[in-house]
Every structure is written in structure tokens, then in C-alpha cells.
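Following this line, the structures themselves.
Each of the next two complexes has chain A plus one more chain, namely chain B in the first and chain C in the second.
Right, the complex of A and B next:
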């Protein structure tokens, strides 16, 4: 297990995330306000871990499914669908956090349903699925833009969500989102064997008793489920779903079943580390999560790619 | 011879006798004179004695009088002292009564309750002393109602009252960053017992939910219309224990609005556009306090069909043909010259078909005046008076040519009569003194 040590990153970042913040160091046995800050940090760290895990699961599944190393969790239109749900909700005057979160989930799932329907009509090949997703993403994003232009000053406030953050995570959100994220990730893990045979080609897979079309549909639904739930908690956090499977692959290597758990753990560590860093990047302590995941993940990926080539 | 001798003896005896008699008579006379003198002296002495005695008695009576005066004085002193102690005891009683009254008053101010923009009933049981404000308008309302000394944190865009920067510099008030993206932990590090935000910002709602778990009330003030502003003033006053000041402030704002309305009543409405962001052009439309201010100032908003704040096509400016364009030039935005050149760049030669541009009635409102127009705070009344001057200078005996293109407290004095109340700028010293 070459990458075994990488699993240690998660507990390390998780612990740091509990200890460090603008409020300062907190005695873990403190009562009152200190305990509340600690609870908030725990909530953030948990939310970040779950979001990272879900995005990595979704990214791994999709990259394997589509045999496309550039596939990311948002390729099925989930991100722009979720954003549309949120913006429409805010434009309608509902800005309560749970309403925002649920509308993200519903928007993401609705986008997925549309992509599946279109792909199914087209015969659900790899290419048609990617294309349908991309087309829908563009269509939904254009509606997002129209709504944003009409939102007025409120657009400023919704940006916090659109750029990704776990600062406002609530236990109530995690309570319904965590099972969805876990279910999506577990579903993909259960299909890991089939995915491995699918990577050898549809014919090979079929000969091994794998129903390729059904598997594709299953994995697509599973990854969209976990992605939508992640978006509902933290907004569309980019780059994690793309980069975590790659780092796992380059850091560990081996079969999908071996890489997958490491990919989840790395996705979680990257997101927790990004949330930790976002507290210190600018004075207000609210740097967008997506910017940090990209800033931290990109150099790691490039370094690994360079080493891998050499 | 014997006879002769005896006669001589006799003669001499007679002579002696006469001499004796004469001397006796003389002595007697002398004696009686002496005795008269003595008796005279005696009577003189006795009268002297009497005088002395009477003087002595007079002196003794004076002494006794002195004594009685002294005793009276000392008794008077005692009376005064006792009265002084009585007065001081009365004063202390008064003080205790006063403190009882004020504690009674504060016990009557709290528990206080108010409903915020989300419809939540917020109840506070004692005076909040560690307030955090997320928006400049919230900060202004807090300080204007007199809750300034209770404020311990404000967002980075809050600029009024002017002493705020001093309070932030000496650590009395903490800068909590942007209220659009408030960081929960940064706010908690100010140890707040109450947080004020606005209902139009989604993240403020998220913060409210989070803090509800710990029992820190996040009060979201409505922030769309002038009625919302008045409502906010009352809510802030009630929850911070300054109901009276808040009442007064709300009445003042209403009086300022009526003054602007009264000054322009009966005049033809001036069509106007209020631009809140220069590129792309964002205007204040229907349902905003700016739209209401334009109407109250004797104008009509050419973009009243825009809902809320929204971007408009430069061409829409050509179609709307406002008589006056008011550009709220916030800190770090385009200045008047830059704004005009972007207008000309966008509209080309057609720009001059807009009456406001042709007649030079385009104003860039800057500095504190800009805050009056763009913040749903205690200065919406002043902002309306300012707008009424820009839209109807004739109502104030002015000509529009005498109004500068850059409108700021330094270039245009508001023609505000004594009847219009002044919002007192909170003094820094009183606010600074509380650590």
C-alpha cells in the first residue's frame, strides 16, 4: 500500500481544523462560548469532510464510467442545476438556509433527471451523456445569469453560497445530506468490480455479466446524488472531484477498488484543508472554498503529473 | 510793778486768748472748709464709685449678653449642622430613590421584545451590552438611537458615526469583516450578546440559524422601503433599551420627509433616474427606499418599472429621458468626469438627447451625502431633502445652475431650517470612555 500514509492527512487536517481559527485556540473542555465555537468548527470540519468525500466519490465514479480523466462531478449539469434552484429560491424571496439547501438538492437532481432522459433518448452512450450534461449546464447557467442580474444587491449575498463555503453549515443540513452523500459513495463502491470490467470495454464487461447501460445509469445517479447533496451543504465546490481521484491514482496506483477509498479520503482532506486555509487567507476569514481547493490542488496535481511522466 | 506784770500777763493772756480764738476760729473755719472739701471729695468718690459700679454692672450685663449670644450662636451652629445632616440625608435618600427609579425604569425596559423581518419574536431579558452590527445601516441606526456604547463589533463598510474609526483603532469596537459574507467565528470572537443584520442578505439568515443554537439573537432588520427603515429604528430602540430616543428619531425622520414633501408640493414632478452603480448602469427601481425618496422629493422615477435594483441598457436612458440624473458615487467608484465620459462612450452623440445630460443636470453625489441615498438608515429623511434640492432648486430660491456637479457636504450646504431636527452625531468621547 504505497498511498497508505496519505490516509493520515484526514485526521491531521481534521484535528487542526478544530484547533485553529480566528477565535484562537480553544480548550476542548471549555463551556459556554468556547464550546459553541468548537461545535461550529466540528460542524465545519464534518461538513467539509463529507463534501470532499462525496465529490471525490462522484468524480472517481464518473472518471471510471466515462473513461475520461477530465470528468468531474459537475459534468452532468448538477452544479448549474443546483445553482438555478438556489437563485430561483432567493429571487422568490425565500432565503432561509434550509430552503436554499433543499432547493440546491432539488435543482441538482432535476438537472440529472433531464440529462438521463436526454441521454436515454439518445441511447445513453458515454459521449451522449457527457454532451447532454454539457449542453444542459450551459442552458441552465444562462438562466442563472439572467436571475443574478435581476437579484440586485442580494446577488452579493448569494455569491457566498455560489463560490462555496461550509461556514454556514447546519446540523439540520448534514442530517439529511450526509445519508445521501454516503449512499452515493457506497453505491459506487459496491459497483467497483463492475466498473473495473467496464474499463476493459463494454464487450468484455457484457461477457462478464455486467449490463453496461444499467451500470452507467446507476453510477450516474449515485454520483449525481452525492454531488447534489454536497452542493446543498457547501455550494458548488470545484476541483476536488477532479483532482482527488487523480492524486489517489498517482499516489497509490492499482485497481479501482484500491484507489477508490484513498480518493475519498484525499477528497475529504483537501476540502478540510481548504476550509482551514480559507480562515486565514484574508482578514474577514471568508475566502471562497473553490478558490482555495483549486489553489491547493492544482500544484499538487501538476507535481504528481510531472513525476509520473518522469 | 506787780500790777504791771499782772496786767501784762493778763494782756498777754488776752492776746493769747484772742490769738487762740482767732486761730481756733481760723482753724475751725479751715477745718470746716476741709470737711466741706472732704465731704465734697467723698461725695465725688462715692459718685465715682457709683459710676464704676454701674459700669461694672453694665460690663457684667454685656458679658452675660455676650454669653447668651454665644450660646445662641452655638445652638444656631448645632441647628445648622443638624439641618446640614438632614439635607445630606435627604440628598442620599433622593439618590437612592433615583437609582431605584432608574433600576425600575430599566426593569421596565427589559424584558423587551420585537419581531424582526423573519417574523421571529425576539425577547431580551436584560440590556444587551455586546452588540455586533453586520451592515452600515444597522450601525448607523444603533448609534443614532444611543446604543453606540453597547456596540462591540461592526462590519468593515460601516463609516458612521465618524468616531467609529477611533473606536476601532483603540480596540473598543472590533472590525468583523464583510457583513455580506460574515464569518461566524470572527463574530463570536467579539463575544456578542446580540447581532444585527439585514433580511435581504442570505448569509445573514444562515448566521441567524447557526447562532440560534447558542441563544445569541441575530436580529434581521427589514431593508427595502422607508417604512422598513422606520420599523428598524423602533425595533433597534426597543431591543437595546432606547425606546424613547428611537421614537424621537423616527419622528425626526418623518418630519424631514414631510419637510421635503412640503417644500415641493404643487410643483411639476421632475423626472429622475437614480444610478447606484455606474458600469453596468444599475438603477434603483420600484420597491426601493430610493424610489420612495424620489417621489417624496417631488420627482418621478423614470425606472419605476424596474423591480428592486437592476441593470438597465444605456439605451433605456435614451428612452426614459430623465430631466435629472443622480449618480450615487460610492467610495472607490467612478468620479463625475469618469462617469460622464462612460455615459458619452455608451450613448455616443445621442447622449445630448437626454434632457438631464443636455441641461447639465447630472449630479455625482459623494461622501456622506452618498450614504444618505444608499443606506436604509437614519438619514433617509436628509437624503430626501437633498434629492428635493437637486430636483427642485427653485423651491429653495436656488437656480439649478448654481448646484455643483459633484454634490457633497463640502460643495452643497443643505437649506435646512431650524424646524427640521438635526440627528446628533454621537460624540466620540462618551463612546470611547466605556472600555
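Right, the complex of A and C next:
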């Protein structure tokens, strides 16, 4: 399964997402309601595409950087930091969508800053980044749970966000988050050549003029930027950032220059498809995206791995 | 002939500890220069500094017209190719992609390998008898196969200086011979080939000169035949070779034929014959 055919999945799922719902196909040009539904679905499809693209960009960058196939966009504590930001905002009584999104963004970036500070003190190696990220994630998750215990009835609302959904996305949120997601993904793309050299080993990359520590810091920041912006729009949607680079790798070989574009396309496709499926799982499309992305992506990944081993 | 590489009172540190001190030597295009010495003598540190991945702690280092003083790194770019002792490569990349990535270096993200790049990568793999490994992922290779692929990657750039750390480790006899023959061919092309290795018997066959490091200093440098003497190796490695050789017959009598062979090959640096 090599080649660009997989790129066609995105326009197919995007079109289905616009016109297909639990009550069948709509004709948006037939009457006023159709146009209204189309606008809502266009927002959801765009939000899902951008979120998937951002998470896949982040996951691809981190997997190449850390040479760790289990690295996902949340390995550096961004998810826990964003969740802490949101829960603290809700606990303080600010429940407007924009406040929730901004607090997610700031929480995610603050968590990354802490991870980078700890990791830098330990030499900014692959191991130190993963260890600092995992340790901070656990610590922040503990604080998240303590805050949730005190939220009372507001817990219900925060849970929907914590499981990931684009049902609450707003044009305003998307307008400020989209440039951040795109900037993070573009930054990683501009470092693709350096990342590919780093895949040959730190010493070899350094002999070619790549500064490994600086590159790690750059890609980690770019990755956190796009992840935090994605979390601000849709909450911490899981699995996309892990599985999209994997499927791209199995479909296009190991060179980063081939993995990256396919990974972005697959991440967007998977998230749009998951959002489409969520409309059928639960009326109103409020089913958590993370569970659907995992249910859809896991069998594909297992099949491809089995085929590759065979 | 002008030297392509010069070290002048060079000092190198690693992890806050001075590893090499007061090292001065010159190396010339077209020669195979072996760097030998006991574990921890500073061979890898020297190669890392020459490759530009380690700062110079003191003295001066120059290579291919580039120079570095204390606190600086040598940045000779694609004039130098470096293959580390333990390749720490991505487990999913194929051998051909690895060689191509190495040859092309940290290029612009939209750059694609040219026909010439692909041809040079395939030719390098073929030269080392590793063409069949092309489509295989690095995680599916043995350490020896991966070392051959890394060597092919380093050769594919046709650099002026090749820095190879333990290129013969993990290789079987056939691949050791192929690798050393390829390195001799690189020297004939006019490249300086600098090899850090413990395979003294092979270096005796294929290297032109040898630099012996021990205790953080250079203890000898010169033609292989004249430098790799029993006296010098005793001093450098801190092993009483004559006593060890006296032990060999008793090991042999006790049924330790294999031990006897390894003692002889390692310490006496005797030529084992062409493979």
C-alpha cells in the first residue's frame, strides 16, 4: 500500500461529513435549513481536519525526534497541562468557550515549558524529555483529579471536553487556533531535513552541522504549539497523533520526507471520519472522539502491522 | 604534500573530564591512518571532535581548510563523513533511505533525491556487498549488516575525510576484508581514511600509519610496521605480553586451543594471511 491514494481519503470523508448525518443525505441547496446545517457541518469538518492535522504533525515530529514509536503529542505533558488549565478555569467560574480554549492553550504551553526546563537540566536527551514529560503528566493528572472532585455538577460539562469533541467548536476559536496549528505543523516541516539527519543518530547529525539539542527544543515547542491549539478547539483527542504517523510509515516507508505529508493527511482523515461516526453513535454527535478514533484506528494499525510482519 | 588534517596541542574533554591532552599530529590525503589504544584512551572522543560533534577544549584543530580553537567545534560539513561505533539509527528507515539521507544531509524539506543521489547510494551498497539490504528496515538487520550499511552511507558522500569508529567490529571475516578493501580504495581516490579500531592484525595489513593513544596522550605515531612493536603495545595496553605468551602453551595443554588463537591474534598482531 504505497503511494498517494491514501491522500484521497481526506476529500472523501470531508464531503461525507458535509452532506451525511444520522437522518441521511441533505441537499444544502434545496432550502434554508440545508444551508444552516451545511454551515454547522462545515465548521465541524474544518475543525476536525485541522485538529487531526495538528495532532498528526505533532506525533510525527515527536516520533522522529525521540525515535520512539510510542511517542504521541501528549508525551510531553501538554494534555495534562491543558486539562489543568481548563479545570482551573471552570473551577474559578469562567465557563465561556473562549476562556476554556485559552486556558487549554496556556496550560499546555506552560506544561511544556516546565518539561523543557527539567529536561534541559538533565541534558535535553531523548530519555530526559520522555521521563520529564511522563513524570509531569502524572503529577498534573493528580491535580486534575483533585480539582474535579471539587467541581460538583460542573464535572459533567468538563468531562465532555476532556474526552475530546468538535461539537462545541466555534468560528472564533478556530480563527485564532488555526494559525497556531498551521504554524506548528509548518515549523516541523521546515525542520524535516534536519529531523531526517537526526534519524541517523545524534553524532552523525551533529557531524552534518545539525545541533541536536537545539533541534529537539525547536520541534518540541512546535509540537506543543500545534497540540495545545488542537486541544483548545477539541479537547485532548487521543490516538490520532500516535496512529496516523504509524499508518503513514507502514504505507510509505521510513523516510521522514515521505511520512510527514501522508501522516498529516491521514490524521485529518481519521478525525473527520471519527466526527462523522460520532453522529451515528449518539444523536447530536456528542460521542467522545477519542473512543471513536481508537476504535477506528486500532484495527487498521493491527492489520497493517500483521501484514508488514507477514 | 599538504596535510588535510592537523591537530596542534589538542585537548579534548568529555563529561567534564579531560580525555586527551597535548595531542599533535598531521594526516595526509590518500592515507589510511589507524587510531589504536586501550578502551577509554580517547579514540572515540578524538573522532567526535574531528567530526564536529564535540567542542575543542584546548589547542587547535584544522581539517579541509576549516579550523577550530578552544570552545569551538570543527564544522567541515560534507567534506567529512563520520560513522560512529554504535549506529543509533531510526529502526524503521530502510537501508537505501538511510544511505540517501546520509548522502543528502540536512537539506531543504522540499528537496528530493536526484537520479545521481540514488545511483550513488545504490553503488555504495553494491561496493560493500550490501545491495540486497536496500529495502530492508534497520530493525530487521543484524548489527554487522547495519555497520556495513552505515559504512556504505559514509562512502556514498565521497568526502575528503572519512572518520570511522570501529568499522570492523561485529563484521565477519568476509565483510572485514570487503570493508578494508573499500577503505583502501577510498585512500587511492585521495581521501584521508581515519580508522579507530582494536583489530590490530587487520590494521597491520591495511593501514599506512598508526597513532597510538594511551592514558590521554599520544604515545607513538608512525608507519604501522615500525610502531606496532611488542614493547610499545606492552606500554600502551599495560599488558605484559611476554608473560602472556609464556602462558599460552599451558593454556594449550589444558585444551584451550581457542584461547591460544585469540591471544596470539590479539597481542602479537601477527598477519593472519589474506582472506
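Definition applied: the second predicted complex is superposed on the first by the 297 of 310 C-alpha atoms of A that agree within 3 Å, B and C clash if a C-alpha of one lies under 4 Å from a C-alpha of the other, contacts with A are read in each partner's own complex, and residues count from 1 in each chain.
Throughout what follows, a contact is a pair of C-beta atoms (placed from the backbone, for glycine too) under 8 Å apart; a residue touches a chain by one contact, two chains touch by 3 or more.
Please read these numbers as outputs of a predicted model, since none were measured by experiment.
Steric overlap between chain B and chain C is absent once the structures are superposed on chain A; the two fit side by side.
With both structures placed on the common chain, the touch criterion links A:14 to neither chain B nor chain C.
Once the two complexes are overlaid on the shared chain, A:168 sits against chain B while remaining clear of chain C.
Taking chain A as the reference chain, the count of touched residues is higher for B when chain B and chain C are set side by side. Note on the composite model: angle chain B-chain A-chain C, taken at the C-alpha centres, equals 170°, rounded to the nearest 10. When the two structures are aligned on the shared chain, A:239 is found in touch with neither chain B nor chain C. Contacts of A:74 after superposition: neither chain B nor chain C is touched.
When the two structures are aligned on the shared chain, A:187 is found in touch with neither chain B nor chain C. With chain A used as the common frame, chain B approaches chain C to a shortest CA-CA distance of 39 Å. Put simply, chain A uses no single residue to touch chain B in one complex and chain C in the other. Residues 48, 51-53, 75, 77-78, 80-84, 87-94, 97-98, 100-102, 104-109, 111-112, 137, 153, 163 of chain C are the ones that touch chain A when the two sit in their complex. Residues of chain A that touch chain B in their complex: 21-24, 33, 36-37, 39-41, 90, 95-98, 100, 149-150, 152-154, 156-161, 165, 167-168, 170-172, 279, 283-286.
Within the complex, the chain B residues that touch chain A are 118, 156, 175-178, 180-186, 188-189, 191, 199-207, 209-210, 213-214, 282, 307-311. Listing the residues of chain A that touch chain C in their complex gives 64, 67, 69, 189-194, 196-197, 199-210, 249, 253-255, 257.
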